[in-house]
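So, here come the structures, one by one.
In what follows, chain A forms one complex with chain B and a second complex with chain C.
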Partner chain A sequence: MWRRAFPWVIASAALLYALFPYVTNDVQLRESLLLAAVYIILASNLNLVIGYAGYVNFGNIVFFGLGGYICLYLVNDLQWPVILAALAGAAGVSALALVFGLGILRLRGAFFALATIGVNAAIAQLVTNFEPWGGATGIYLAIDAYEPLGGPMQALWTIYLLIVGLMAASLLASYAIRNSKFGLGLIAIGENENAAAVLGVPTPLYKALIYSASAFLPAMAGGLYFFKSGIIEPGGAFSLRTSIEAIVMVMLGGSGTVIGPALGAFLYEESRGYLLTAEAFSHFQLVIAGTLLLMIVTFVPGGLLGFVHRWWPRTRRWLE
Partner chain B sequence: MTALLSVIGLGKKFGGLQAVQDLDLTLNEGEILGLIGPNGAGKSTVFNLINGVFPPDAGRALLEGREITGEPPYRVARYGLARAHQIVQPLLGMSVLDNCTVGACFGRENLPLHRAREVAREVAQGVGLGDRLDTLASTLTTAGKKRLELARALSARPRVLLLDEVLAGLNPTESERMVHTLRRIRESGIAILMIEHIMRAVMSLSDRIVVLNLGRKLAEGTPQEIANNPEVIAAYLGDPQRMPEAEGVE
Partner chain C sequence: MVGILASVIDGVLVGAVYGLAAMGMTLIWGVMNVFNLAHGPIIMLGMFVLYLVATAFGLPPYAAIPATIIFGFFFGVALYWIAVHRMIGRPELMSLLSTFAVNLILIGLGTALWTTSPYNVPVEMPGVTWQGYTFTGTHIVAAALAAVIAGLLYLLLYRTRIGKAIRAVANNREAAELSGIPTTQVLSFAFGVGVALAGVSGTLIATLFPFTVLSGEIYQLKSFVVTVLGGLGNPAGALMGGIALGLVEGLATPFMPVSWIPIVEFGLFVLCLIAFPRGLFSALKR
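On to the complex of A and B.
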């Protein structure tokens, strides 16, 4: 029964998430929740590749960054409406990921992980030297870019709602994939790729498809996020650090599950907010993230949800 | 009878080693063909060449008259050829039912998920895993994993089944149950090509036997003919006087 209810639970949770800062009219809370939602989108989509297909994508942030660039360029230079621009960015990045995916997904294990770092670094370099996108200084949005959304104040709320929408879409997509034939094939690949191929799973196609699919919503979120910031530059857009943090979030919550990565992202982001403001920890934040990752993979490789599943096996049936 | 699987002039070289050379095989409808030979004779390589784990250097393989030479494993599986590995390869983190569902989903019939689950359940029950459907594959015993390997292959509803030492490592009771299961599979119309070291089983199950030695076909014939072939005895079976002892080995 819970299984059938899952989409409704997600939709209701997202609705509460969206309404809460609106009702309380708490702008600071909205900013914090927006950042958490962005990370949930990143972690949830990264989980499709890491948790389902078993491929560690270290350069996952490239989707977010490139989506942001395409969107801001379309809005700033070609005066596209932001939603259309973000969608176009997502479609472009997804198509690019499909092409890249068919190539680099021939690699396995550490070699694939290295290749994904390479893709991120190469795109970052390319953008840094690409004059139409402002080179190293990036793109600054003109203030009147927010006019179509009713001015900057109103735009912030609109972007917030859109990003929460993308967050819900990420979770629903993750759930739908996990409970589909496509998902079954992916999970088989994650378990044992050679065996999956012998069983008939079209491995090259499935891997490329999920790599491409995992790019779409993060790229769109990147477009909206950088539109909200009003500025995008290569260092912020293609930060390897954020990429690694996204992996920590997936592992923390439980890779291969639907709500695990979202839980991990939310906890990580909110506790980081605390650590950053606490004087003693602010410089050690990455050290803590690294230690955390080490401890998770050593002691609880299944993450939070894996831990719950192990101690209460009955939850395996309904808590995905 | 028509040939379900034919292999013509198959050859493969690894570096300087000629693993398989100029091999012809024919597997007919409703038949069990035994493939035997000493360790390193190239038996598993023959399987790898047929189901596309790697492409052959020479020769062809045809499944129901359709060229499958050099096709990747997932396409060969879709055409109706399933395989159980010598070293079992269960999807450890998945349940028995899910393992079989993968086979049914992506096998010959290309079933949608819910139909595949029904077929998987049916097949798993058929091979005696009915009470283990929700068990994680990683927690099965060796015999259980062997059965799972077989169930997964059968869930694909194949025309041809390649079995690589499915009896190895089983105790006499388990082995007997497995032989019984294999007979039932044959009766359902699936043709079986099996590699096996346990001579008693292979002699009683097979309709015909092909003996492989150093990558080449040494002999082919009924179990009776093979058991009395002097060349086979010299290369593989050993002195007939010592046969009863040799049976127990492995």
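On to the complex of A and C.
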């Protein structure tokens, strides 16, 4: 994998991304980049399921929210170190996704999409009623939870670096999967599942594996992100809207490519910041997101990268 | 015991309205294999038609129902050409996304127009008292109207020429086209009917409970549950599924805190989807 140029490009881009706010010492920029990195993690892992295997997961945010809850619970009530807690959350969510995946991935197409909405809604309601996790009010971290990382100020920088690390890991994993036999099997499933099964792709296993794999990094990012915020509550953790925005990002950049979803997430997040601050647009942010999605789906279903690939076919070789 | 029975009856009354909402969704799915994810905001628009008719124009509340049906139908036909037509025959992902885009646009416009604060349209209707339990008049009227509208849909589908065409297209679009049926027009007509049903169920729900711009989402999720219970693409099953959901809600209310009911519903939904993807009632039939 490391013999080709692409992974090095990703790694160095991530390094620049991590260092930029350090060099300029710009806290506001760091916050904006951190949010964009979180969305890149969500979009690029969602792309594994939507873009590669061709299954729409409307409830992808459930991984992020559940990972956040497990991590905050472990940090707050059992005094675990945050990194260990985030890892444990990610492992737990991933295992849960594997079990769930074996069940609901027997469904195809729209039925699967519906089931993912149902799973997200059910888990959101369950957490809202789960008293050890604070019910509807959620979990608040005490300020001394940040002491092991050298106080709140230092902790914010550490979390930023960790999240950028997860972002790089997401992109590299995306690349590695795409260029493996496993990825080839997934893309075959996305093209025509029956044909893939006939040709010997173990479709149920592959689907469950990718569903579970796409849960790991978002769950860990959820743990770190909500640790940074210091608070988690069901409405914010399982917002169906964020789930859908992640789908918009994937489609915007180009589903099924490696850097497309990341590009889409970055552009979407940064332009939303602009739309939110511009007085005239703040009320119409959803309208703009909706119109954008409708235009992409109708006119450029391949997204940004699909558009580039179509007009400059040579870019297919090095822009994956 | 009487208390539980009263709660169950009330659940069934409300369930008939859920069934009506789900009929719109399941009709569209059955005819063109499109999941209309703009269903919730359309229900919300139906609620606001009631608000406009009753509060802004001062007309009797039930005058909103024909208004919603007519407005909903033309709105649905327009939506078909804007968001759905180009997605027919493409992967399901595309129509899911395009109808979701419409969902976002409608919610965004609704929030800008009416904010997200709650609205309430008071509807005067004498109730029926039985053994010390009062059944609200609005619930009874809503259930009766839902039954009437469901009956009209049946007449439309099984006793008219256009209904026959809709059923033909649902069965096999190519064969219908070859027999000289203008299938594209039929699809847009069916989409209009589905949207009108969703809208009118919203109007009926608004006569029962207070609502906000975001309440449509809850009923959209309930419609999913109902369609899955009743079997996708089966309008009669949707009505039965709605009543079944109302029954579950009515039965569960006396025994558990209200906030636990959605967990039961969605748990049922996911289980049903996995165990009987073709609907609970089709499983019973076999």
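Brief remarks on what is shown
Rule of thumb we're sticking to: the second predicted complex is superposed on the first by the 317 of 320 C-alpha atoms of A that agree within 3 Å, B and C clash if a C-alpha of one lies under 4 Å from a C-alpha of the other, contacts with A are read in each partner's own complex, and residues count from 1 in each chain.
Convention: contacts are C-beta pairs under 8 Å (C-beta built on N, C-alpha and C of every residue); 3 or more make two chains touch, one makes a residue touch a chain.
Worth saying up front: this structure is predicted, and the values here are computed from it rather than measured.
Judged by the touch definition given at the top, the superposed model places A:173 against neither chain B nor chain C. Once the two complexes are laid over each other on the shared chain, residue contacts for A:305 go to neither chain B nor chain C.
When the two structures are aligned on the shared chain, A:197 is found in touch with chain B, with no touch to chain C. In the superposition on chain A, contact is made by A:184 with chain B only, not with chain C. By the touch criterion defined above, A:221 reaches neither chain B nor chain C. Of the two partners, chain B and chain C, it is C that touches more residues of chain A. On chain A, the patch touched by chain B and the patch touched by chain C do not overlap at any residue.
Across the complex, chain A meets chain B through its residues 180-181, 184-185, 187-188, 191-192, 194-203. If you check the complex, the residues on chain A that touch chain C are 50, 54, 56, 58, 103-104, 106-107, 109-111, 113-115, 117-119, 121-122, 125-126, 128-129, 136, 240, 244, 247, 251, 283-294, 297-298, 301. Contact residues on chain C toward chain A in their complex (touch as defined above): 29, 33, 35, 82-83, 86-87, 90-94, 96-98, 100-109, 111-112, 217, 221, 224-225, 228, 257, 259-260, 262-263, 266-267, 269-270, 273-274, 277. Every residue of chain B that touches chain A in the complex is listed here, in rising order: 51, 53, 72-75, 77-78, 82-83, 85, 89-94, 98, 101-103, 105-107, 112-113, 116, 152, 156.
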